[in-house]
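After this come two complexes, each holding chain A, first together with chain B and then together with chain C.
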Partner chain A sequence: MVDAVAKAPRQAGGIRRFIERYPFVPALVIMLVLLALNGIWQPRSVSLVGITGLVKTYLALMLLAVAQTYVVYAGDIDLSAGAIVSLVNVVIVAFMAAMGGSAFSVIGAMAIGLGVGLACGIVNGIVVAAFRLQAIVATFATSIFFTGLALYVMPVAGTPAPATFWRTFGARYFEIPFVFYAAVLLAVILSLLARTRLSLQLLAVGDDAQGAYQSGLPVTAIRIRGYALCGLFAALAAFCVTGDTASGDPLVGGKMTLFSVAAVVLGGSALAGGYGTVVGSVFGALIIGLINSLVYFVGTPSEWQNLVQGLAILVALVAGILIGRRARA
Partner chain B sequence: MAKLKISGVSKAYGATVALSRGDLELEAGEVHVLIGSNGSGKSTLCKIVAGSVKPDAGEVLLDGKPVTVSGPQAAKALGIGIFYQELSLAARRTVEENICLPDLPMRGPFVDRRALSEKAARYIALFDGVTGGGFAADATVDVLRADQRQLVEIMKALATEAPVLIFDEPTSALDRAQVDRFFEILRRLKAEGRAMVFISHRMDEIFAIGDSVTVLRDGRTVGTSRIADTTPAEVVRLMVGEEQAQAAPAAAAETVKTDGAGPVGLAVSALAGPGFAGVSFAVRQGEILGFGGLHGQGQSSVLRALFGALPLAAGAVTLKGGAYRPHSPRAAIRAGLAYVSGDRGRDGVIQGRPILENVTPIHFLRNRLTLARPGPLRDKATPAVEALHTRFAGFSHPIGSLSGGNQQKIVIARWLIDRPDVLLLDDPTKGIDLSAKADLFALVRKLAAEGMAIVLYSSEDAELLANSDRILVFNGGRVTRELAGADRTRFNLYEAAYEAA
Partner chain C sequence: MNAVLDLLKRPLVVALALILLLLVVGELLSPGFASPTQIMRLLIVAALLGIVAAGQNLVILGGREGIDLSVGGVVSLSAIIAGNLMNGQDAGIPLAIIGCIATGALFGLANGLGVTLLRIPPLVMTLGMLGVLQGLLVVIRQGIPSGRAAPGLSQFVTQPFLFGLPGIIWLWVAIGVLLALLLSRTVYGHRVYAIGSNEQAARMAGVPVAAVRVSLFVLSGVFAAIAGICLLGYSGSSFANVGEQYMLPSIIAVVFGGTSLAGGKGGYTGTMAGAMMLTVLTAILTTVNIDESGRQMIFGATLLALMLFYGRGRAMRA
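Our next item is the complex of A and B:
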């Protein structure tokens, strides 16, 4: 006859449970493998200088992946994240240039940058959660709007950022590069944020929005806060971009948007919402960075680099799913 | 003074009146049972109290003061907690997180994990010993069984510590020991002076835990009495309504063929699958066999399994004398089975496509056509569509331009181009207007008269009684009673549906 279909209740096994609790583990494994491969082809890439370079280049993507994760938690998406990076980048560069590049102007510019990021996030949140427009299309529209603002602030790329800003980003204190302090600070902030009510509420909303509403959670407000948090982290990403490129560019962040979404998925979060970690997204961003450098180190001809990068990201995605499934089986 | 008094609340969704006049008076320290058949408005009444549905009219008094429950947040603030029949759990979160989600314990800006665990542990401890294997405070809800999830939802409702608690079918998946424990807890809460509304379809549970009972029928409150002063038969009589209780349906009496002469069209024995077990029956050609009982007792699953849309675990099926194994809808259609679902959006209509394309897919499949020629298809489709008095402007208009009733007629017309041998109707009239229903059943009776074997599941008991020659009553995934001839009364149907499984 037909096979029995009644499924026995799933037993919480050791490894499965471990992955369930730490969904970023597959991403961590892939990242370490890629790091090892980088080391094999280019031993210097795993030295302090090499790692510093990697972190310095990809800190912005890590932050943007974190930003994206908070909206993905709630089952939303933000296709304007990269445009917010561009807008904050040109706003702070223009402000610092206008104020003469003093230390005070740098602090002021960062405060303004955070404000701009927050405002953009709230706009996204209102459009998506309060007006109930489709997140994917609504944030695509706001991304064009934000890019338009950025082009108004700075029509052409190239205005240099003041030396105090990018020198600090590339500096060393007590023999340790500044970006490592930034990375540690990021880790502390993320661990604190993970303990807030908002993180849990965002995940609950992403899991079952109707259920969360019936539980008495303010679903609309929670989703708007998720977007606001995303805007703030996008502003932080913009600071890193500015430190790394040392100039303003109204289109600098555009191509980062989908990389941030890819990093979130590589990190083990569910795009449907309700499941994931910010740590995983950080690893996801590093995976993308390591793939790009590996493609370069193995000596891929330049005309093939994009193709190989794309394939490698697909392979990493499949590997992550396989590791997760093996553990669950 | 009543703790909660609801008077004259009503709610309509478009033309469908879900609740025409709901009244309820809830005292502190009592368990007040709400009972009524499918679609009588119980859940709507509860959702109005919980704030997730806004009433069109009427008044809600809490402690004698009129209140507006504008949403679940407002209900929470007013001290009303609810157990949702469809559950409100976050599957990827842990049991303890779910229990505390409506009101997370905080320490400064952070969730106080220790307090959260302690708070959850208090409510989990209430069900100590009956939660079953795999249940743990730090287990995610998606690994739990249905009964364990229901327990979590109960714990979540209890954790609100609200003075007014509403339980909308909280025991449907629980086993005996779990129900007993739950009732112990309810008795304790009663002693504390909490006011509780309890919805259940199980007569034994109602008499075991209830203090008073309010009966709803067709969207209105028809009576309230003390449990001590009433009997199960009396409650069933209220649910059914005096005039209809004993009358065998006249309309059906005309159509019933008592001879039962036709050969067997479809026979199944010991059928088991998701949500049903041990189902055996035979339908003769020219007979309409009704499936009755409360909603979701396995009727739909049996029909879907026969059509190959759900997997069968065990059992044998004979179709017109030959063995038939339902493994896919495609094979079922080729074998001469037809299935019409009440869920048009999911199972019937091909959204956004013209009417002609919606009438002809089965014709295509059964005749293995590869080329669509609109002219001949139109000729084939026209008589099928006209048989149902379908009103439409033209075959090229999109299906969405039709009303729900006419859409369903198109879906049924699909099966009329090449006649099937067996027609499975799965609550086919859900959400369609009265005249369309009349057209539809006239056709169904005509098809039966022409020798088709028909199985009809309907959640509307009047339809079922009026159109079936025999009725199998489902209860807990099994057939518990067969009603034929003069036994096909509303009273018998309800009695069989509401008795303990």
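Our next item is the complex of A and C:
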């Protein structure tokens, strides 16, 4: 308050104010640049087929990044997100296999999958918010538990998903790939969710939990709802993984957890909470995908690809944070 | 009675009591679990985790959400570099040690500079660095057959050296004593607690905050590198991503040792007990004859139950 009086009104530039209002803008710019670079090195990568492939492969990560964003909003983190993906993946594949893979079994499996994701999210929420454990270590513990459950449902990878499931995921309707419909649906859901009170409440808790509590918000319940939302989106991510890999694997999601955190940061959200957008996280996931494909297209020798990808993601993380901070400073 | 209750609130006492309890449970479930040779084996495994956790502990003590997710990557990289440099020859050990520690220090320095100069949150910086390290592992492994541990190194880690205990356990004890002295008796140690509990106050009191924080990340890299060398000695040869198993457990060991993730509070002695506790718990679950799935579920649930003993956050009050 004192600062506001002491300082002369800040002459914020147009761009700066724009980024402050839309934190995902740096991510969008980085994404478009990467897309252009991909197009220069491999023109086919920006064709309909190329983009379809990119979205098809990274839709799961986009959804998991969105999932992670809702807990990050409140200043929490979910290191079990990938384990939830694995668990939902094996549960729905096992269910569909048991039911014979009919269209009805697919719908039933998705309902069950959403239920499992929601349950896992609520468990995380209770453990972190109600039991007041540190989010990093507590969700690591639940990730071990969820992985155990996944191994119980399906001890080894390899049970195939019914053809109805993955054919739909890879199909085209009216010449437009299914994943684009899914992406549009996701955009609609996200914009609706962004307008809900819950989004605002999560951000309020992340910005200042004590303040939120004192202004009468049920902080614990809000954080649990954030984790519940995370579990639901992790289940959606698992559907995409299943559609993409066409099989069940009890460890399939493990590697995705840290990438989902990276995608959230790339998207301009603050890990400390209180500031961010889900759209940015979607862009963040696409940035990771575009970096991976660009490294391939420029002809990096195969053994060097991981290193170059790792370096590029590190640079993008650092650059994104520096740009975002300049805009807000 | 109050004195007893107070004692029970000390994380170190709780951890030691739990270790004893776990050993008894292990002995009951599988006779011979708590035999001297078994306990020595457990100590060796705990030392590996404990040395990684030493660096993690320092970074966490330094506060400002200090955490090092890259330790696992450094452990793996160090194990591979050590294997390639010594390649089964005792003569290569000094070079391997120097090379690995320099590598670990370099990555720690990069983390520290990112966190201080560029003010990147430690979680993000070290997560990004983990990606780089994993990429580097692929590059180094390519074409070169993974080197073997020198006999001297394997002996140091697995064979009795003094009073029937292998060198690595003495190394761990030495690290424990050194860190306890460093943290409690030196200016540097006081500075670590100072920046961890109140950075602003520390800066005003003239503490070179950035330099201390960078040094903590460097030390974390160095400890992870040392653990990597020892891990090579333990397993004989290095394989892909052996260090990954230490990333999050090193944090859990610190938490179980009573160090607050918020920084500024705790110490390494508790962390040593925490590392031992995690190791015994894991060992019990491996001895018991249950499926991998059941093992993981019990492990996860036990970790959660144990966490309830420690550092629960404060309830919100108006």
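One rule holds in what follows: the second predicted complex is superposed on the first by the 307 of 329 C-alpha atoms of A that agree within 3 Å, B and C clash if a C-alpha of one lies under 4 Å from a C-alpha of the other, contacts with A are read in each partner's own complex, and residues count from 1 in each chain.
The definition used in the following text is that a residue touches a chain if its C-beta (ideal position, glycine included) is under 8 Å from a C-beta of that chain, and two chains touch if they have at least 3 such contacts.
In this text the structure is predicted, and so the values were computed from the model without any measurement.
Visitor: Pick one for A:Leu200: touches chain B only (first), chain C only (second), both, or neither.
Guide: first
Visitor: Going by the contact rule stated at the top, is it chain B or chain C that touches a larger number of residues on chain A?
Guide: C
Visitor: On the A-aligned overlay, A:Arg132 touches which partner chain: chain B = first, chain C = second, or both, or neither?
Guide: Second partner only.
Visitor: If we overlay the two complexes on their shared chain A, which of chain B and chain C does A:Ala262 touch? Say first, second, both or neither.
Guide: In the superposed model, A:Ala262 contacts chain C only, not chain B.
Visitor: Once chain A of both complexes is superposed, is A:Tyr213 in touch with chain B (first), chain C (second), both, or neither?
Guide: Both partners, chain B and chain C.
Visitor: Could you give the residue numbers on chain A that contact chain B in one complex and chain C in the other?
Guide: 210, 213-214
Visitor: For a test of understanding, state which residues of chain A touch chain B in their complex under the given definition.
Guide: 1-6, 9-12, 20, 192, 195-197, 200, 203-204, 207-208, 210-218, 274-275
Visitor: Any idea which chain B residues touch chain A in the complex?
Guide: Touching chain A from chain B are residues 50, 52, 71-73, 75-76, 82, 84, 87-93, 97, 101-102, 104, 106, 109-111, 113, 133-134, 136, 139-140, 143-145, 156, 273-274, 311-315, 325, 327.
Visitor: Taking the touch rule as given, give the residues of chain C at its contact with chain A in the complex, in rising order.
Guide: 65, 67, 69, 114, 118-121, 123-125, 127-139, 142-143, 248, 251-252, 255, 261, 291-301, 303-304, 307-308, 311-318
Visitor: How about chain A: which of its residues touch chain C in the complex?
Guide: 79, 127, 131-134, 136-138, 140-152, 155, 209-210, 213-214, 219-220, 258, 261-262, 265, 271-272, 303-311, 313-314, 317-318, 321-322, 325
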